[in-house]
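Below are structures written as structure tokens.
Presented sequentially are two complexes of subunit A, the first with subunit B as partner and the second with subunit C.
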Partner chain A sequence: MTRLGIGWLAVPACVFCLLVFALPLALLLLESLRDGQGWTLDGYRNFLGSAYSWQVTTRTLRLAVLTTLICIIIGYPAAFALARARGVWQALFVAALLLPLSLSVIVKAFGWTVLLRSNGVVNRLLMASGLTDAPMRLIFTETGLLIGIANIFLPFMVLPIFSVIRQIDPRLTDAAATLGAGPIHGFTRVVVPLTMPGVVAGVTLVFSMSIAAYVIPTLLMGDRYQTLSTTIATSFLYLQDPQRGSVAGVVLLVLSLLVVGASVVLARKVRATP
Partner chain B sequence: MTRGIGLAVAWFALIGCIVFLLAPLVVTVGVSLSPSPVFQLPQGEISWRWYERLGRLDGLLDSVLLSLQIAAFATAVSLVLGTMAAIAVVRGTFPGRETLATFLVSPLMLPGLVIGIAMLQCFRALGLRDALPSLLIAHVIVVLPFVMRTLTAGLSLFDFSLLDAARTLGLSYPKAVIRVMVPVLAPSFITGGLFGFLASLDNYPISIFLTDVYHRTLPIQLLQYLGESPDPTVAAVSTLIIAMTALLLIVGDRLVGLNRMAGV
Partner chain C sequence: MEAHLDIAGVGKRFRQTVVLEDLSLAMRKGEFVSLLGPSGCGKTTLLRILAGLLSPDGGRLHLAGRDIGRLPPHRRNIGVVFQNYALFPHLTVFDNVAFGLRARGTPREEIAPRVRRLLDMVRLGPMASRAIAQLSGGQQQRVAMARALAVNPELILLDEPLSALDRKLRETMQVELRQLLRELGMTAVFVTHDQEEALALSDRIAVMNAGRIEQLATPAEIYARPASPFVLDFVGQSTALHGEVVEAGDGRLSVQTAYGVLRAQGHFAKRARVLVAVRPERIAPRPAPDAEWTGIDLPLAAQTFLGSRRLLHGHLGGGDRAIVELPAETEISGDMLPISWRITDTLVFPAPDVAE
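Up next, the complex of A and B:
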């Protein structure tokens, strides 16, 4: 087989993805531009003109930003400890990250509904430690939701950063120290830039997944708390309003594409500046 | 001194991370073993009563079998399509290879619900209204990105001159691929296949638009149980899912090694 011929091997997958994935998305875009009579921008006009839709969109974005922040604040230092762990310990820690990562989202969300209820474990711990006297309302609150979402996506932040740190030569920090850099300076100027590819990968994963999260908000917040995802689902499944659902879908799709696009640019930048 | 503080923070974050991540799992297992009907951790006594009630859950076994069937089909098709495409991307010289690779991995990064409604509308427009074929086709899109990603990574490290060597020794091209390339790439197949399989088993956002009353996948059935009968029987089902996931990871660890799986 010639090298020219090898390109043809991609054809089946390509045709399949075009038909089952790209074509439906293109049709969705058309659907959002149509109503019963013909072509119209009304769907977008209604969506952009409604204060409620803006509220839903900003809420979705805020949720994704906060989740990403929580994940990086906990996940970044944790990845360093994970890279320093040795032998059996490191295997155990990696297993403890991989099991929740591979586990069904619904099972984890169910666990959180049990943990967060007013007579649940979290509240008992809080009261036993004397931090609060009365049970705190956690389930059906944004705090509870953030805890749940961060829990689902945290492994996707830790693992990419970990796999980058693993490859950093520890002698680099020693070299920085020999050249007179203090520990903080050596860390921020030498180590942090080297971990950036992992950070970009982790942030992209966590952000793009949390912006689209559906199961967790429905289970931890209920139907009244609308994000872009729940708007899409309710428009199609209950309200029979495909135009509204399609418009929300296109908005969410565009936001996700922007995230992916930004990550490609960032990843290139990070690789270019060692 | 500062280094010590930094390390302490890192270890504290890691331990916190692990406790945080495992908390919902531990609680689920605990609740399923407690005799109390109100979601409590067992206090002293352990009971299997919620496991004995599993058989009474309507449609549980059907949904498990359906989900396994869909996941197995989607994984098999994805392994074939994904391997071929990955070889083309890694070895080919045609323009736009990077774009092609991104395109084939992109369903993973795009919102599942949007893909779901888009498929629903498209399948309907094309006259495909049956749940099972729709689900089978749709789940290939769920699994394919996992296979593509691990295989392009695996193939870019594969030494293709091994194939030429095998052919010089008299193997035909397909035989050389099966006898030489497949064993070397086995870890990529296993990792991509395993994570893709699990993603298909757990998929809710795409399946929800394509199911009907007779074809309810496990996640859809589970969410329905949670909605209507919130008793610890659901915890028992969840515990079995945790056990199955752990088992699959142990198998993966034996075959590939967890560190390698985590690197993906």
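Up next, the complex of A and C:
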């Protein structure tokens, strides 16, 4: 079969992607540039001119950045532990990581509201261990939200890093050692750069999911904690203001692309550092 | 003179299996020693122990007068060229070679000239900024050499560094490798299962079997005077016939084999079970002309033509084998060939256990 002949096989997939992904985004962009009368940039003008919108945007960004950082800090070593675990242990760890994914986000978020209550498990543990005397207020606080959201998204950081670690030739660290590199030098100059593709994949997943998270903040923080996602929802559902919702949607998309792009550039830099 | 590398009584076992058994080996500075043996003989284990990547159960290691037995790999100053090279895929050729220098905190201004000099030495100067994946197998092998030599190690360990290359390239690289190491006066331990490679490169060869060194000697001596039936079999080809000593005395033996009585040299008791062997190029295609020669009538099975030489394979039973090397132009016909060799060329070993 000719090269062209095989190329035709990709057509259905391309059409599908166009219809399902590209077209809605294009419509969203058009909607954000239009009001009842016609084409206008008013939507962006209003959004950027409003202190409230800025507050919501920075809050959303902070939530996503902190969630991603927490997931890296916990997930990176966890991925190594997972890769080093042997036999049954590894299977158990992977199961522990994957099983929660089969639960709905709503169920997990509700689960956290129960755990984070003043008489919930988390507070009882804190008091029993003597870390606190009185119950801490966790539910409806940003700390509680971060605990819950980081937990729910953690598998999406651990799994890509884990799969990359498994592909690293163990002789590379041997080679680094015989060349005079102590464990730390070998780790930072050989292992870390080689895990960067996994970190980028994890960051992309966790960041874009947490910046767009809707259910978890709503359940763990309540209605008054507005993020870009909740703004989009209220604009479309309650305020009947599709332009405002579309603008927030575009802003969300752009922020997401910027941060993911930056993480790719940063990872390339780390990887290429001798 | 004190040995540059001194391995004394090193042993290693994994669970019940003895991988290295009380192994000792001493090397001069600048010497090239091959560890030759089949897979599982412990040669790679010994290499990893030397590099510090594996700790032995016992024994001592001294390098250049320093006890290195308890040092971690990065303090040993031993370069390693790994099988399949283990080059850093995320770094350029230059940065791979510079890795060890940077790890040791060599001043920046000293790194570049040293790396350039090494890359020139392995003829990769123009490739400095290439990615590893862009290089051919032979080029990668040379990067691995340059990387290991860059830190000026006291000893270099080579773990089958040429086995991934095709035959032609391997032969060229053998010559290059040997020349480079000799110019640098580098002491080298070379692990291989390829006997031709070991014979071609080594000052001395340690033939290993089941965790022990069966023989440690120069290539010529290993070939001409193998210390055991294992060495005889593993290095080079040979005719080997089982038999029983029927007459012994004065260092002279008569051995009854399935193909007649052979005369040989050695000290064995009468009735001892022995293995009589001779190298293929020592054999002449004619009956023994005088008392200095001994021989048999060989039933022929097949001939192989090798360009400059011709090999005749005998049709023997009962664990015996025969192979004769003749100039290619020798015409041989018929099913039986009288062959003979000098008594002084005969090798005699106690017969190996039947179990082997």
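Here are a few things to note about the model shown:
Just so it is clear, the second predicted complex is superposed on the first by the 249 of 274 C-alpha atoms of A that agree within 3 Å, B and C clash if a C-alpha of one lies under 4 Å from a C-alpha of the other, contacts with A are read in each partner's own complex, and residues count from 1 in each chain.
By our rule, a contact is a pair of C-beta atoms (placed from the backbone, for glycine too) under 8 Å apart; a residue touches a chain by one contact, two chains touch by 3 or more.
Everything numeric in this text was worked out from a predicted model, so none of it was measured.
If you put the two complexes together on subunit A, you find that subunit B and subunit C both fit without a clash. With both structures placed on the common chain, the touch criterion links A:F110 to subunit B but leaves subunit C unconnected.
In the superposed model, A:R271 lies in contact with subunit C only, and not with subunit B.
Looking at the shared chain after the overlay, A:V247 reaches neither subunit B nor subunit C. After overlaying the two complexes on the shared chain, residue contacts for A:L237 are found with subunit B alone; subunit C is out of touch. Of the two partner chains, subunit C is the only one touched by A:D174; subunit B is not.
By the touch criterion defined above, A:V260 reaches subunit B but does not reach subunit C. Taking all C-alpha atoms of subunit B against all those of subunit C in the superposed arrangement, the shortest distance found is 11 Å.
Subunit A residues in contact with subunit B (one complex) as well as with subunit C (other complex) are 182.
Across the interface of their complex, subunit A is touched by residues 2-3, 6-7, 9-14, 16-18, 20-25, 27-28, 31, 38-39, 41, 81-82, 84-85, 87-89, 91-94, 100, 102-104, 106-107, 109-115, 117-123, 125, 137-138, 140-141, 144, 148, 173, 195, 198, 201-202, 204-205, 208-209, 219, 222-223, 226, 234-235, 238, 241-242, 245-246, 248-249, 253, 258-259, 261-263 of subunit B. Contact residues of subunit C toward subunit A in the complex are 51-53, 72-80, 82, 84, 86-92, 95, 98-100, 102-104, 147-148, 151.
Touching subunit C in their complex are the following residues of subunit A: 169, 171-172, 174-182, 185-186, 189-190, 193-194, 271-272, 274.
Against subunit B, the residues of subunit A that register as touching in their complex are 1, 3-4, 6-10, 12-14, 16-17, 20-25, 27-28, 31, 74-78, 80-82, 84-85, 90-91, 93-100, 102-115, 117, 119-121, 151, 154-155, 158-159, 162-163, 182-184, 187, 204-205, 208, 211-212, 214-215, 218-219, 229, 232-233, 236-237, 242, 245-246, 249-250, 252-253, 256-257, 259-260, 264.
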